[in-house]
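Here it is, the structure in full.
Labels for the chains are A, B and C, by order of writing; each one numbers its residues from 1.
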Amino acid sequence: MSAAVRLQGVGRSYGPVAAVRDVDLEVGRGEVLALLGPSGCGKTTTLRLIAGFEAPDAGTVEVGGRTVAGPGINIPPEKRRVGMVFQDYALFPHLTVAQNVAYGLPGAKRKGRVEDVLDLAHLEGLGGRMPHELSGGQQQRVALARALAPGPEVVLLDEPFSNLDAALRVRVRAEMRDILADAGATAVFVTHDQEEALSLADEVAVMMDGTIAQKAAPEVLYHNPASRRVAEFVGEANFIPGTHENGRLSCVLGEVPACGECTGNVEAMLRPEALRLRALQNGGVTGDEAGATVISREFYGHDQLIKLRLDSGPVLCSRLGGGPGFRPGERVAVGVSGPALVFPKP
Amino acid sequence: MAVPTAARTEDGRGAKPRRRRPPLLLGGLAGLVVAAMALPLVYLVVRSFEGGWEEIAEVVLDGDTLAVLGRSALLAGVVTAASVAISVPLAWLTGRTDLPGRRAWAVLAALPLVIPSYVGGFVLVSVLGPRGMLQGWLEPLGVERLPEIYGFPGAALALTLFSYPYVFLTVRGALRGMDPAMEEAARSLGSGAWAMFARVTLPQLRPGIVAGALLVALYCLSDFGVVSLLQYQSFSNEIYVQYRSAFDRTPAAILALMLVALTIAVLLVEGRTRGRARYHGNAASRPSNTVVLGRWRLPALLFCGGVVLFALVAPVGVLGFWLARGLAEGEPLRPLWNAALSSVYASGLAAAVTALAALPVAILSVRFRGRVSGLVEKATYLGYALPGIVLALSLVFFGANYAPWAYQTLGLLVFAYAIHFLPQAVGTTRSALLQVRPSVEEAARGLGRGPARVAATVTAPLAGSGILAGAALVFLTTMKELPATLLLGPTGFETLATRVWGATSEAFFARAAAPALMLIGISAVPLYLLVIREQAK
Amino acid sequence: MISRGNLVFALALLALLAVAAGCGQPPPEGNNGGGSGQESTSEETTGDETTAQEELKPGEGSLVVYSGRSEELVGPIFEQFEERSGVDVQVRYGETAELAATILEEGENSPADLFFAQDPGALGALDDEGRLTKLPEDVLGRVPAMFKADDGDWVGTSGRARVVTYNTEEIQEDDLPDSIFGFTDPEWEGRIGWAPTNGSFQAFVTALRVIEGEDRAREWLEGVQANDPFVYPDNLSAVEGVASGEVQAALVNHYYLFQVKEEQGQDLPAANYFFEGGDPGALVLAAGAGVLDTADNPEAGEEFLEFALSDEAQQYFADETYEYPLVDGVEVSEELPPLTDIQSPEVDLSNLDDLGGTLELLQETGVL
């Protein structure tokens, strides 16, 4: 089964600066891929390379098994069968919703298809409205419907949720995932929000400095980040020094099972969920604990993030459930409840 | 640490420096337009070199020539400054305050644009001149002689009064496109109204001011009607004298080339001061706050009233007076319908052709920025700054000798109009295109439409009203055009402008007044539409 | 409802079609009967009868005229000619100098047959470039030698005399000086007026430079300027100024007096004074015309000139525009001395083309 999108060795530079270099990527049919990375990492450029609004300096781009960009080839965007949803939706302000959706459709089968797609996107009955009469979430769905209507090989979404307010975001995300699933569409979306990427995508590709640092399923990415930078970017990460020998890590928090290749002096990463806290009143710490003082507490309702400073110095954060938790200034004992991941010392 | 360019391109909101090459069709069309602009220049170069380098040196290095250069530059500078000084307050008063009747004031303030300079100058001399009306009224009061109107003061006054609306219109447009949030931020940080205006509003208006100022400055260089009537020895006057005196076209051509050089200098200055016109957020997400004038209301009204009085009421009034006097004395007035129809027809064609020709240049300049597209856009101004007689003779030369089938046809005349007035259409089309976000066009591309279809079905409708505004501006400017019409129009082709000229050349005031009033009346219609369409948004 | 996009397209298409239509009109041709039927200057004149006051051979084809004289003044002459001869006359009106430059630029492709100029400098310039053809003797013979080209390439059609129009109530004719140089005398301070922007005045100054030399001309200008003359924007206002007594004398062309009399009444206290003895102040300028070497229809051009110099047409100039007929035997107003009586200075009118030098002088002396 050929991939919906394949990039091989793709590079794009602006003057002396390489926005994208040596990117290899594959998106299977029906898959949702997230391109995740900080600002300036090249993810939007990659998207635009797939869409055809930029031409690569190196490498090839294939869409639907067909080479659309490469040495000597550059097929213009309108011929690539790639749909795009822009950050600002880019709806045609002078056309109705139905006309917007119909724009990419050839004459004959228009009407029926438009209605089907509007239903799919939960926009029944809104066909006659003008874009400025709709709410932000509705506009976004129109943009998606419009991109989906012609049945493209892949739908590209550029930071699709950044224009929505936080409360709306979660709901709209879920809706979008359903719509894409119902349509059986292949999608690539770009975001700098790791929560979004992890929750929506089948696979996440983390981009940094113009190249792909790691591409994996969300759980793999979260629990087995390929590098320290990826680890820090995808979720909160705690780092403590230690020594690693045969799958065991010796550190201030005691002896902990660990995975990772490097041995000797290492930096060990522990996710906040892997730390457990116990109030330290009069008793001391046991062998596989360390003493710490709570610095701050962020309560989210369903969980909370406790920031604390170990007596030996490093600042860690721990994620606990929604219970009473600990207040700043309290003394706690910190222990490890999960395996650590080791990285070479920087 | 230097931020790599890539970082900035990641920001979806900011303008991305797209270094794409434009499609061949677009580049080709724009190239054709530039080639058309180049025709008069080729003519000038050919004529200039007929006398060899010695003659060129003789003319260029002549002290008198340099004095003329200085006078032209001085006139352009002063008129531009005065126009800006009038227009910015006018635009602000009619656009941002609670001035009573501001919509009407806005239309009235823009109307002087329809008055031809040769009519305006004439009226000015009649009113303020040594034997003029004002002198007549003041004589009983013991005023023997008014200050000299001829020369620099009169020319500067006349040009300012009838060309300041260029700046007024562009500043008005700029005010509408401004984001009120910045002014609100300034106020919240403690700026008083004046300080806010000077430090926040004015800098944002700069691109608009500069665009209008450029039109005014270059118009001053090219105008002949005013400077000849008011006897100011500027370039265009000097060129005309050369034609009139020695019938030798070589010195005239050399002078015209010097004028072109002056124009290029002006364009360079403008390029520096333009600032960077970025994609405006589509016309303010929120309407701006209206400033309450309070006790400033009366001075503001006086100001607006004064400008309108001198620039509009006086000329129209004088014309009406002449007409009435002529009718009372039984002056035979020939029917004007023929001339009026010809005027409207020719101007309409010119407007359509020029708007079309402006499209590739504007699209190139906005969507495919770069040095080349910038140069193309600047090149369109060269035809604008040339005095009409020079442009006309260049096309006489080419038409009669290389394209006799087109010579003295309406087609060639419309072509001349297009070359002459292209920047007006390019400017407004550019502004209109800047309002269309590129993401909308890209979305259309992604949906399978090629660049031409996208331009037609998405860009044109969205930028449509701006493009039509450019056409309206070209229409009313063409209505008053004279030298090219006289020389290049089909023999026997009469417009209202030529009728006015025919009468004024013999001092037949009443016979000049009727076509002049009709010209003004007809031109006022598109101008009115142009001014109020922005309010409808 | 038409969408905006379609509307723009439609307009564009219409524009292109119209331009194509415009280009499709052929330029006026010489030898076809009847021109291209566009707006001809001849409006519907009354009646089809030709009152043959003078015999005209029925002409052929069309005549293309470039006229620096305005339609208001000479339009009727063209209409008359068209009616009489059957030649279709197409006139392009413009400024004399611009039209001359146009003819030169057009070169051998010029569509013009006849060039009608307000002043002979332009004719002289065209002649120098060899663009005019020699006119037939019977045309040339009708005007005095001063009002035609030496080589017979152009001929004057009507004359304009420089005069002093003075207020008869304030001064007598004897009070006026014998020579134009008399006005530099301080006794004339504040009593004279002129219109230095007027073309005829400038032509006069050019003649002064040619006849008397640059220095004398400068002397005269400075002398008069020292007498603080009233500056008028044009000759008409100057004569009105004389009539109202604002000034006692003004340096103008002869015919304005008649125009003002027509407007204000024949009992106006003003009259014309002509200098004598070949004084430069008595300069007579002429409007004139010539047939171009590139004419498609030179016969029609010559025929028109015959008509323009016919008694009838010359009478028109005398009666309607008050200019001087150049042809013998045509009656002028009794208030005007006959042309032959005017002792105008000897000067070749086609040499009066150094306007640039004149303007420089005027500026230097502060007159302009």
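By our rule, a residue touches a chain if its C-beta (ideal position, glycine included) is under 8 Å from a C-beta of that chain, and two chains touch if they have at least 3 such contacts.
On a predicted model such as this, the values are computed, not experimentally measured, just so you know.
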Completion exercise
chain A and chain B share contacts with none
Exercise for the section: Using mean Cα positions, find the chain sitting nearest the overall protein centre. Expected result: B
Handout entry: Whole-Å gap separating chain A and chain B, where each centre is the average of the chain's CA atoms
Key = 53
Exercise for the section: Can you check how far apart chain B and chain C are, centre to centre, with Cα atoms defining each centre and the answer in Å? Expected result: 35
Handout entry: Approximate Å spacing (C-alpha centroids) for the pair chain A, chain C
Key = 86
Problem - Where chain C touches two or more other chains, by residue - result: 3-4
Problem - Two or more partner chains touched - positions in chain B - result: 457, 461
Handout entry: Overlap residues in chain A, where contacts from two or more other chains coincide
Key = 94
Completion exercise
Interface with chain A, chain B side, in the complex: residues 3-7, 9-12, 17, 19, 437, 439-440, 442-450, 457-458, 461-462
Completion exercise
Residue positions on chain A within touch of chain B in the complex are 14-15, 17-19, 39-45, 51-53, 76-79, 81-84, 86-88, 90-94, 103-104, 143, 146-147, 150, 158-159, 210
Exercise for the section: Could you pull out which chain C residues touch chain B in their complex? Expected result: 3-5, 7-9, 11-12, 14-15, 18-20, 22-28, 36, 38-41, 43, 64, 70-73, 90-102, 104-107, 109-111, 121-122, 125-126, 197, 230-234, 236-237, 240-241, 263, 353-360, 363, 368
Completion exercise
Within the complex, chain C is touched by chain B residues 64, 125, 129-131, 150, 231, 233, 240-247, 249, 329, 334, 338, 342, 349, 352-353, 356, 389, 392-393, 396-397, 400-401, 404-414, 456-457, 460-461, 464-465, 467, 483, 486-487, 490-494, 498, 502-503, 505-508, 511
